[in-house]
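The structure under discussion is supplied below as structure tokens; questions concerning it will follow.
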């Protein structure tokens, strides 16, 4: 018999809606049984369109739905820690978007909470690990094709056209290392297979002094040394003119892999008065559309098969710790050690 | 109320299975209600895995299922013409893979049959029109961004590693123009917006004389002049060493568009002892995975909304006619006029 | 003892000046001993700047200079046939820019003339054979790396920004096949290693009806079958928006080679509001700067070493014949046989 | 009157021979009047082949040649400081390959020496500034097209196939920052227009422990903050499998420029069993062939026109200082301040 996991999802923001649509229409082996959002018109519109059985306005109501096997948490970051704990306590399996919490203390606490419920599955939303290109690269690394990792380099750049939103959202974002680079840090740990040890971070406000008011920059970078000796270089920025630019390079002793060094939005090449060019991706939902589906499919497969999913809470804790250490290095101007 | 079209699909070959999986799992607004194949173990395995209500071994049994709104025909080409007619006569809407028939006479007859049932929806499987990159290019053409079309160039190349299959399948394939170039002919008509008028075609057996035994080649090409003056160049081959290579170029008076001139299988670039390289697509199901879903989604949307789908039977008839004329030009060595 | 060939050059137009500068400054083993042009101020300015010993205004005066070993002919095409004959008769070795003459009759006659003087070296200016990338590709073909040639495809496109000059120059250009495609025809013969046999050619005036007044088009193409069975597709156009686009592809049974499919003017990639792009070459002198030097160096080396240079007069005759046959096919609308 | 600078060159190693050939055959406005090398057979062969008037075995003999205007120093690095001083004292203008000396003290001393002879021209061999692509990028930066520089990233990687030579040469190379990154440091100063201020450097021996015996690595990197706030990331390695990889990226607030992110050796693209690929440059003389000519041409033009050349001794001193500070950071593990 095919198992059908019953899932409730909280959050109908941009990313939350995408997750909910994927659960309702593209992920196999599950049913989006309940949807939760405070915005009643949005909630009703969604539930009607996708025929969702339960519609609730509070997380407490969501986890009270007995038939739910699991909840998917895509609420504002400030609620993550508490909701993860509530859901686990209510006996639900949990998928949560990053971060585990909005302070290092919350992340530490959440890790402990998750470990208190070994019978409950927990998965953190680092969707890049489920992108086809990253998986292809990871398989080559695991097969030894690039030799030993020498340098991991990652850029995460948002398009400058979204700068107003970035400025508005900035103060609650945790800063660029926590908001953007944390995905690169997760990729780094996954691909290098070692933990960042020492970090130095620099950057500044090259075009938008607004970010400086809470000690962030519009463009920042960090150099890190991993415990196994590998080097890591991270760059994050808010002012990319060409599009949403997520590129990653892994230089090994035998070969180098580059993922998406041109963030082309499709396979069309244009030859016109600007030369020969490729138009680029606009945002993360577009770039990682398939990765979001694959990630949730894996969560559902784990539910139906009783497997432990990955990335784990520990991956979330460690990536967050490194991101906080980057921020500490950036703010202090000092070399910082992660202690991992 | 959301409509759910009930669909029966015939054929569990490679492409047929993909269509059936898409209907069962990825296309919204439909139910794969029945599945049909002569191979009983395969039929049962599929029906069990995807929970299909009806499983039947003959097309007659399939169209006798009263609750079906539509059938999807992915049987061997030799059955298409007859099955399309049977299904329409039985009151079903029809999606059929190309071709409309295995002779020009059959294609002509099928077109007439379809037109006899104006109340039934009919859609032909030219999936490339539903590929994101082709749609992006088409939108630019329609917006006037490339000016007037000067030259349409299209390559359809199969990987040489599948040459044994190609040789085995060749005699019933209709030859390369009908088997492979017909997709490019459809794209050409769609993108140029005019009909091919005059054609010359050449080619030969450069590595595999086997194809010569039924007057085909392992690599062939055709130059055509469209009625509006545009030029078209088609190339089809069975011996591409780098992968499944479907590339298209549209040169206009203002700009040129190229789709997939490098058939990269993902966004990974490899720097190793062979230089800087991209690995390539392996086959049509991989390259056009999303296009197959989009195409079937459009068919289902048309079913649920009562819209006429496209590509139409007329598109199928005309593309087939041009492909037959290419073959005639190739076999005769003469300039040939399509009469369109 | 190092030999120093003494050379006189006629023509200080754009291309002629480039050749003369190369002879004066970049080609080793020669001396630009004399320069000839009707435009006296230009002649004097050049001779002064480069310290040229003799400056003359007529070709008769040039070949009368006793110490000259060879002449380089970069005069208007209408004079080529006569000047080649005069120079050979005067005992000079000859390098001539294409074409051998402005009619097929002149080309035939010139070929005979050159063969009448077996003791005189003759070289025709098909500079592309001396471009590093084309040589690299040719070496791979000769080494068997691509197997048997299946398709030779070549584009020669001028930037649309030079359309006014193209229109003005058009009537005396011989048409696009003779003016532009002849270089591709030479490359095709060189790389395929066989002669074009049958040809069909189409095209038209897609943006500039002016070219139609003498039966040319602004964009034209030809499909040809070589005697060994290989296919050839040539495209020539005057309306490329992205730059000077000379691209060539050779599809073999084992591999495919593409030369300059992106006509990038250098190694800079720009990521800005237009996407990720490369700016393109502007003109033939820029694209083939080094090829012009290499070509003349080979001529001088042949002079100093007494070797026969290549491309030969026969290469010139045959390429011209094929170009004329393309034009005939274009004008008549018929399939044409070259008779080679 | 055209001036012809008379130049003597010391050193017939690989790079020295290239400089000497360029002076003898490709650079305009000069005469390679004398050549100096200890290796007598090589010296004679070269002088004979290129018709050099004077051949001498010691630098003292070279600068004693009265008619020489300038000397070009391409001797082993250990002699640079002394020979620069001797040549200036002898009244010669000087072009010297980097470095100015083999210790920071020597660099400081050489800078003072050069400034003692304001009437003598001095130019340092940072040839990358004369590469067409770097100049193109610099012009765009100067024109404000990329806005303010945010991040300068540079890779200098040698092919792994030369690893044996690198190991043998390593102990006298000064380490990777001085041997390789110093060129990137010069580019950084030139393109960013500011001085590196703070530096952290890491790396190690990922494949070849040999480099560790003198505190170097086979791959190293440095992150630096410039005085104007810009970020700089340098990577240097000895183990690139794909070729000689010199790539540079300048991310600005308005646009990003990348130079040679694929170190393609020419314009040929190969489609074969390895995918779609470009073969890569092999070494610095090949990649920067034209830059070496352009650089020397600029030196000769300065000689003939009495202009001050650039890069200056100060550029050399500052680039060396930064490279030494990178090495200090690497060896100590500490953050280091340049004091510039």
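Each chain carries a letter (A, B, C and D) given by its place in the written order, and its residues are counted from 1.
Operating definition for what follows: a residue touches a chain if its C-beta (ideal position, glycine included) is under 8 Å from a C-beta of that chain, and two chains touch if they have at least 3 such contacts.
Since we're looking at a predicted model, the values are computed, not measured.
Set side by side, the interfaces A-D and A-B show unequal numbers of C-beta pairs in contact, with more at A-D. Relative to subunit A, the chain whose mean Cα position lies farthest away is C.
Centres computed as Cα averages put subunit A at a distance of 43 Å from subunit D.
Taking each chain's centre as the mean of its C-alpha atoms, subunit A lies 38 Å from subunit B. Chain contacts: subunit C has residues 240-242, 254-256, 261, 264, 270-273 touching two or more partner chains. Residue ranges of subunit D in contact with subunit B, taken from their complex: 240-243, 245, 262-264, 270-280. Here subunit C touches subunit B in the complex through residues 147-148, 150-151, 198, 200, 202-204, 206-207, 219, 221-223, 225, 229-231, 233, 235, 237, 239-242, 251, 253-256, 261, 334-335, going by the rule given at the top.
Subunit C contributes residues 2, 25-26, 28, 51, 132-133, 136-137, 140, 145, 254-261, 264-273 to its touches with subunit D in the complex.
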